Amino acid sequence: MEFLVRFETNLPDTMPVAERNRLKGLERDRAQQLRSEGTLLRLWRVPGRRAVIGLWDTADATHLHDALASLPAFPWTDVTVEALATHPQEQR
Amino acid sequence: MEFLVRFETNLPDTMPVAERNRLKGLERDRAQQLRSEGTLLRLWRVPGRRAVIGLWDTADATHLHDALASLPAFPWTDVTVEALATHPQEQR
Amino acid sequence: MEFLVRFETNLPDTMPVAERNRLKGLERDRAQQLRSEGTLLRLWRVPGRRAVIGLWDTADATHLHDALASLPAFPWTDVTVEALATHPQEQR
Amino acid sequence: MEFLVRFETNLPDTMPVAERNRLKGLERDRAQQLRSEGTLLRLWRVPGRRAVIGLWDTADATHLHDALASLPAFPWTDVTVEALATHPQEQR
Amino acid sequence: MEFLVRFETNLPDTMPVAERNRLKGLERDRAQQLRSEGTLLRLWRVPGRRAVIGLWDTADATHLHDALASLPAFPWTDVTVEALATHPQEQR
Amino acid sequence: MEFLVRFETNLPDTMPVAERNRLKGLERDRAQQLRSEGTLLRLWRVPGRRAVIGLWDTADATHLHDALASLPAFPWTDVTVEALATHPQEQR
Amino acid sequence: MEFLVRFETNLPDTMPVAERNRLKGLERDRAQQLRSEGTLLRLWRVPGRRAVIGLWDTADATHLHDALASLPAFPWTDVTVEALATHPQEQR
Amino acid sequence: MEFLVRFETNLPDTMPVAERNRLKGLERDRAQQLRSEGTLLRLWRVPGRRAVIGLWDTADATHLHDALASLPAFPWTDVTVEALATHPQEQR
Amino acid sequence: MEFLVRFETNLPDTMPVAERNRLKGLERDRAQQLRSEGTLLRLWRVPGRRAVIGLWDTADATHLHDALASLPAFPWTDVTVEALATHPQEQR
Amino acid sequence: MEFLVRFETNLPDTMPVAERNRLKGLERDRAQQLRSEGTLLRLWRVPGRRAVIGLWDTADATHLHDALASLPAFPWTDVTVEALATHPQEQR
């Protein structure tokens, strides 16, 4: 089942630059894994913000939560999830 | 997968009372079927409004849409759907 | 350039059923054309609503407007458009 | 009387991990007690957030407040409560 | 249990004046009954609007809904209900 | 003249417990005085929040401001005030 | 006591032009009376809208409601009222 | 002084096509005049909507209102106006 | 040209009391100057908040910004500005 | 393609004045470069706020993001971007 997921990351001002970059690297690797599993299908940037919109495909919202919570920056992320129904024009 | 679904029904003023009551009867029957299928689990009234909140359980959002669209008053209903993830305390 | 487009269609109550169905057929055909042009990439239903979310790819917002305005039900549609920036992880 | 209760927990960044885990354990135990009393009926996670939606059953809003305030993480929780009326289809 | 209830009444433009006045009279009588039962405690007007805020006392939200639905103008009323918990300073 | 006043108190995390309790005691005493003056008529808790709704009666909004500002926790309180007009059914 | 009052007037499309103009004339006369009584102090237009913001001075919200309800276009007006407290710099 | 003005035009469904087109022609002509006067500087379409955003330059909000009210479709237009201050980087 | 200006001041908790009072004094003096220049016409308190609503008269929004920015507490103030058009009933 | 971009800058209270001024200088220089490239066309101040509205012209939202992210104060800026379609009256 597909979901549209917006997340905005606000790392605390007090976090040292090195830690921020480490976290970014881990995020990229984890996102890569989620792509290879077919869980993360597409990712876009919201222009001008430290926010992204992603198209995710998981069994249900519980598995989606676990996938999102596995992202290293999850504790500093504001997430909204929207469930998507397949459109008749795309039903195989 | 469980969903929390709010719907507010606004039948047009011009609809005759007999038609309204016929529709209400059909709604009740259809809801009964959905309950017996295990699709509609709980239903509450929002006090003071012609609105209800329901706990639904369907394979995914596509099946949920089909179930909601099968309700006779669907064309006059304003619906918002919220996907629910199972809480760890309720994971069997 | 990609856009996320939400549209909710509210045909007037007074529109005869035959006209509604004619319009739906025309919409489906036009959407099919837009897909074949690579303008409309994906389409999802918002569960429980007469609303869809689409992923569109056009040269710019002006071309997007023209594509949306070419849909037969456009005069009765409430549309919000969100510009998407390519995410570094998807930049070829 | 049943209530739908949303709560989002935001523990301060400065709280040590050990204290967070201690608090989580206490929350789980207290929630267990509330379930056994029949006060907390169902609990769902809002996918992607440190937020839950719960179905509660208490004598009235005053008892509900006391039950919510008894949760260890209450001082760091943002709560919205919605009163639910029994739907005619569920009136015994 | 006490509730704060806001309601805004929008009678259709097409309703004849005589019917409006008849409805107003019935509303006043019904409100008087609800007061004498101790269900409706206080009523204020929102200045400048055809809206009122009322302090209601009923067993629960289900009984509140039935009391509100018994008001003759209910079909044309937009209602929001807020559950109130007794403040410690007012607990006898 | 009557006002409906909502206030949500957010004491800073850094405030020691002893100071919080001292402040609560002063609040209770001041509220008691305002009740005896007939300025504060009723007080309810918003279930689940550190927020209250009060029914106040003062000469005008200026006197209301002074009464609210006299509450010890005022500097940490988020207040919204709503002017109430007497309902014809309650006009002596 | 002073109030800031916004009102937006939406006369029904079906109202004949002659009736609109008659109503406008009556509004102007009534506003003039309210000015001469010292009830309506200032009036501004919200640029681009059929809406005005007014500074009113009445004994309380009840008298304000009666003054607003005395305006001929009141049945078609959407009003929001904000109570104003005298600023210390303007307290004589 | 410059203003950013959004307007969304909703012509009633009942307006005949011929009248709509006549109105559109008049709008275009009037807009052309406002451009030549230097009152209307730029005009953009909000993609997907019957809405435009314009950059206007008038002596003040009163003159802006008169210019907007001079547009033939003004009675069916929902307008929001935002005052703009000159940025230091653009102060000659 | 007249503007309605709301501002809410939130001085940081860490600011010593002496500095707060110094700032308040400077604000009062600056406001007095703006009054004598005819820039600040009226000032009201929003009851219950550290917020004020002011009626300002400046050549345009650029001069208004400079006047607002000249207030000592400006860096800690949240401001919204609304342009006002002169009402026909007040046009000399 | 043109975009309307709002940004509000909130530098942390803890940032020393010297660093703030350094940053402002860098912002001004970078804005100048963006102007000379034809990327930043117009810039206005939102009166009373540390916020600006800009008219930008870039190939697409991806290039817009990169341009915005190149501004030195970007990490402390809250940005919303609105895609603009060319109005028929301005299509060459």
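Each chain gets a letter, A, B, C, D, E, F, G, H, I and J, in the order it is written, and its residues are counted from 1.
Everything below uses one rule, namely that contacts are C-beta pairs under 8 Å (C-beta built on N, C-alpha and C of every residue); 3 or more make two chains touch, one makes a residue touch a chain.
The chain lineup, named per UniProt: A, B, C, D, E, F, G, H, I, J = Muconolactone Delta-isomerase.
Just so it is clear, the structure is predicted and the values come from calculations on it, not from any experiment.
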Computed over C-alpha atoms, the centroid farthest from that of chain B is that of chain I
Pair joined by the larger number of C-beta contacts - E-F, E-G:
E-F
Determine the centre-to-centre distance between chain A and chain G, using the mean Cα coordinates as centres, and give it in whole Å.
50
Rounded Å distance between chain B and chain G, as computed from the means of their C-alpha atoms
43
Could you list the positions in chain H whose residues touch two or more of the other chains?
3, 45-47, 61-62, 64-65, 81-86
One finds touching chains in the pairs A-B, A-C, A-D, A-J, B-C, B-D, B-E, C-H, C-J, D-E, D-F, E-F, E-G, F-G, F-I, G-H, G-I, H-I, H-J, I-J
In their shared complex, chain F is touched by residues of chain E numbered 2, 4, 28, 31-32, 35, 42-47, 52-53, 55, 82-90
The residues of chain A that touch chain B in their complex are 1, 3, 59-62, 64-65, 81-86, 91
Complex contact set, residues of chain B against chain E
13, 45-49
Per the touch rule above, chain A residues touching chain D in the complex are 3, 5, 7, 12, 14, 61-62, 64-65, 68-69, 77-81
